[in-house]
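Pasting the structures in now, so scroll down.
Each of the next two complexes has chain A plus one other chain: chain B in the first, chain C in the second.
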Partner chain A sequence: MTADADRRIPTVGHFSLWGLGQSEIGMAALTFIVLGLLPIFVSGYSIYILPQYMLFGVMAMSLGLLWGFVGILSFGQAGFFALGAYTMGLAMQLDLGVNPAYIGMLLSLVVGGTLAAVAGYFLFSAGVRATYFVLVTLALSIMVEQIAVSQSEITGGWNGMFIDRMSLTFGALGEISLYDDAPAYYAVLPVVVVTYALLRYLASARFGKVLVGIRENEDRLTALGYNVSVYKTGAFALSGAIACFAGALYGTHASFVAPSLGGVLFSTEVVVWVAIGGRNSLLGALMGGILVSALSNYVSTITPEYWQLVLGFIFIFVIVFFKGGVAGAVAQLPRLWQSRI
Partner chain B sequence: METAISVVVDATLITLVLALAAFGLAIIYGLVGVINMGHGAFLTLGAYLTWAATTSGVPFILAVAIAAIGVGIVGLIFEHLIIRHFYDKPFDTLLLTWAFFLVMTEIIKIVFGTDFRNVANPLPGAIDLGAVKIPAYRGLVGLIGLALVGGTAFVFYRTTLGIKIRALVQNREVASLLGLNIARMYKLVFAIGACAAGLAGGLLSPMLSVDPYIGNVFLVRSFFVVIVGGVGQLLGGTLVGSFFIGGSETLFALFSKQVFAQTVVFLLAIVILRFRPAGILRQK
Partner chain C sequence: MSVLLEAKNLSKHFAGLVANQDIKFRLEAGSIRCVIGPNGAGKTTFISMISGHLRPTEGRIIYKGQDVTDLSVARRARIGIARKFQTPTVFDNLTAYQNIELAVLGTNCPRARRHNRIFEVLDLIRLSDAWDRPVQFLSHGQRQWLEVGLLIAIEAELLLLDEPTAGMTVEETASTARLVQMLAQDFNLSVIIIEHDINFIRDLHAPVTVLHLGRVLLEGSFEDVAANDQVREVYLGHEAG
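For the complex of A and B:
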């Protein structure tokens, strides 16, 4: 009996956390190389728009961290994303002698991380149920949207806010304007790679293992003396900071932010991307964010209503039959193949 | 004095309207434990069916009845195809009902278009109460909300069906051992909840501009109504929760913009959810 129960402890190494097992790193490297070489072969609109999809992918990874590692679902990631964009917009209006974009980037990390930490600890320390947490995060994203609408003196209300493209300054060494699409592309790509690497590292570190433990058996982790609410809060704070940071970069890249960026619909679109891409795999989340948003944008120009409908049905299909999403299905392929032999 | 009276009247009306809007959710969430994120879509569908029926010449009351039954049937189909397989997994039902919302919203957009639709007010005019005037239809909807809650109380405590439902909520296993067909009861309760939401959507439609996302406005508020009032406390809970959410919104709206008042109320509701997860009526 006890031996049986013990065997059920997740061994992080081969468990679904990696999604694709060890081969995920290889696939991720391949993906990043392809993304890195893409501007050589393609130009124009694709190179302009891809960084925005990549930032959506970063936001998707921030959800993947929560949903895949800890098993907490947030319907409020776009709220943080929009918050970051507005933070960047406001910071760009400052004149402090320092590059305002740097201040905006720093502020977005602080703002997103702090807000998520406060909200997270407030809820987790009381042991609020996972389903209630979803509702609260849904309310958070509605609140971001409502505040953006109602505080129109600051945010521009429904009309939105225009934000300049940022430039990278290196003190006396000069500066690189990100006004053109190719430099902007190569500024965003490293952010994606670094975020992915950071989250991968965290997954293999103690922190990630404890998070997975919480997902699998919260009571046991509590009994073992882990302060579960602190770990959950840490994960949510990190996730909020990442989403907010990605939002800040998105704001300056898209040069515009409107309240709907933080709204319920966009927030839940993120959930759909991650569910389809694979909630237990960071690469799955990232690719879900990039590909599904790109595909949505592309197909929407042809048939807006039917695409959303199809997406909704795919979402149902994934939840009912393919919990692991595309990444989970791909990860199972070798095992299926082996069992045939 | 006059502001005081008008605030009280406003708060009462909003409480009853919210109670009506949240009632379908209170049934589905409180009785069968499904976190129904599709509640907003049920409301929207009810409003559109009412609009479609009235524009093709059906009298308003009949149109609302059609809407309630129509949404009830849609809920029944959804339950039968998907939800019934997931009652044991609340998190999956949350996602699935949200997916239902996405799909239903798109179907509504395809069938009815995305323009604002208006349902003509079936009862124009106002009731003069001396100090304040209440729009007659709003007053009527409030009364219907009250009647709905009262009627449910009757069904709940005075009929065989009520006993069965209470048995189901109290102890599912024992109820099924005693010969209650659990699967059928769940189906019935889910359909009744959908029906109530459709009815609410239909009744609310003359008071709003109908667009494919009107249900969203009520979704989170309905959830807070149910949680603040206490999940499973169908009658008192719904009224207390609605009074809390609607009443405080009216109060805050006196000092700030409506939108901002809603934000403050959401914050308050989150605080309550943290300290009283079982609702303000219960200790724990």
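For the complex of A and C:
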């Protein structure tokens, strides 16, 4: 019955239907090479600020995992991000004989992952879906901001919290300070690449395929025997851990965290980045995080009053004309080109 | 033959409405059963209680000697009770291959065998040639078959098919009957089918359970049921007449 089955090996194009284009890998490699070489040609403020944008990009990818794979929109990513920054800030005040930044990084993964897992477990197993879940994530953001404001003896309240720049220590082998821009840049870039590669791998693994199945038809997947809420909880926990970890690195890089970092406004911006970049593409989400936040920053220096209006117009433009964001539009280019010839 | 499924005095009430009342039902392993009845007879309610989508108001469901009345839909699917919905419920934006792949990924089929297993199922439901097409572009009949394929792929032992031939051509309906018979004979699967299509039911040569107003009116061969005056009155009557 299956004598000729082996000849029908799924092609590369086949896998693109799992929601993330294979053609993206080349583009991603190019992007990382360009980012890797950038400090050779550029210096100054760009190299100082880019790692922070790249960490925004990592946060954007954490949303891409949820929104792109599973179809769950979250307005809580900035909440996790800020939580990570505060975790790092508090860890840096510890003196345990170990590099406190390492503790902060580890704790941020645990805190973000656990909080998301606990929230996700109760929400998903209770059957909370779609809009209602979005509302709860919105509340998560508000809670983080409010706690950061109210617990001022720990968090510094409205004044925020100052965090030292971390160093990389290698035990007896020595130490690399990340006070200078270039070392800090090269410390953050691998985090971006590894996060991308990890999510990329997950997309082609069983876990990622099941998540796409949830996005496509949750009821069918349940009726095939999958415990859907376990997968959703897993995805949310991973997403929370990534966002929290990125926030921890952001905190030590920016040397400062304030309550607004976890607020609804910033959480909404994250959603806008990913929508503009393209939620079905990890690279789209990453680039949305980097470029749109850079653009916002640039525009805000030109027109401090209207930059959000400008961002809003770009958002509407992209959503109206390219539903899949910029990445979706780019993916359509070859087909468009062929139909012209 | 051993009893695979037994429904003991199943009842389902929605507020005041009686959808199913005191249904007793037995199904042997490797056998096919048609459940027929006019609209509102409680056929889909019955299947939904077997699949776990509805909890019975009263009664128990025994599957392979185990009481499954309180198990979730997913748990039941994992022990072999799987359902095809009334309208084709598949992963529309994924290819036929990916659809079956998702089902196979839920089983403990080893990774090395997965690809062949997927094509085994695709061959069975005659979708091997369309394996790389997004299934939203398949015909209605093909999508119905694909959904049956999903149930085969998770190695279900009891298939609950809710109107599998709805929207099919005459030829598709006939080959669906052959597919169902093959599943029962060659794979020892048990099948409960809700149908309206009289030709399809006749082609299956399987025992028929007639539901009327939520109760079992009669059980017997197609010929017995078709010849029964009461059945003709409540169900076949308006078809013949």
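To be clear about the criterion, the second predicted complex is superposed on the first by the 319 of 341 C-alpha atoms of A that agree within 3 Å, B and C clash if a C-alpha of one lies under 4 Å from a C-alpha of the other, contacts with A are read in each partner's own complex, and residues count from 1 in each chain.
Rule of thumb we're sticking to: a contact is a pair of C-beta atoms (placed from the backbone, for glycine too) under 8 Å apart; a residue touches a chain by one contact, two chains touch by 3 or more.
Computed from a predicted structure; not experimentally measured.
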item: Which superposed partner A:132 touches (first chain B, second chain C, both, neither); value: first
item: First (chain B), second (chain C), both or neither touched by A:299; value: neither
item: Partner with the higher number of touched chain A residues, chain C or chain B; value: B
item: Contacts of A:210 with chain B and chain C, given as first, second, both or neither; value: second
item: First (chain B), second (chain C), both or neither touched by A:316; value: first
item: Touching partner for A:25 - first (chain B), second (chain C), both, neither; value: neither
item: Chain B versus chain C as contact partner of A:197, first or second or both or neither; value: neither
item: Contacts of A:268 with chain B and chain C, given as first, second, both or neither; value: first
item: First, second, both or neither for A:146, with chain B first and chain C second; value: first
item: Contacts of A:219 with chain B and chain C, given as first, second, both or neither; value: second
item: Chain B residues touching chain A - in the complex, by the definition given at the top; value: 35, 82, 85, 90-92, 94-96, 98-100, 102-103, 105-107, 109-110, 213, 216, 220, 223-224, 227, 257, 259-260, 262-263, 266-267, 269-270, 273-275, 277
item: Contacting residues of chain A [partner chain C, same complex]; value: 1-2, 5-6, 8-11, 13-14, 17-18, 206, 209-210, 212-213, 216-217, 219-228
item: List of chain A residues in touch with chain B within their complex; value: 73, 122-123, 126, 128-132, 134-136, 138-139, 142-143, 146-147, 149-150, 264-265, 268, 271-272, 275, 305-306, 308-309, 311-313, 315-316, 319-320
item: Residue ranges of chain C in contact with chain A within the complex; value: 51, 73-75, 77-78, 82-83, 85, 89-95, 97-98, 101-103, 105-106, 115-116, 119-120, 123-124, 128, 131-132, 134, 150, 154
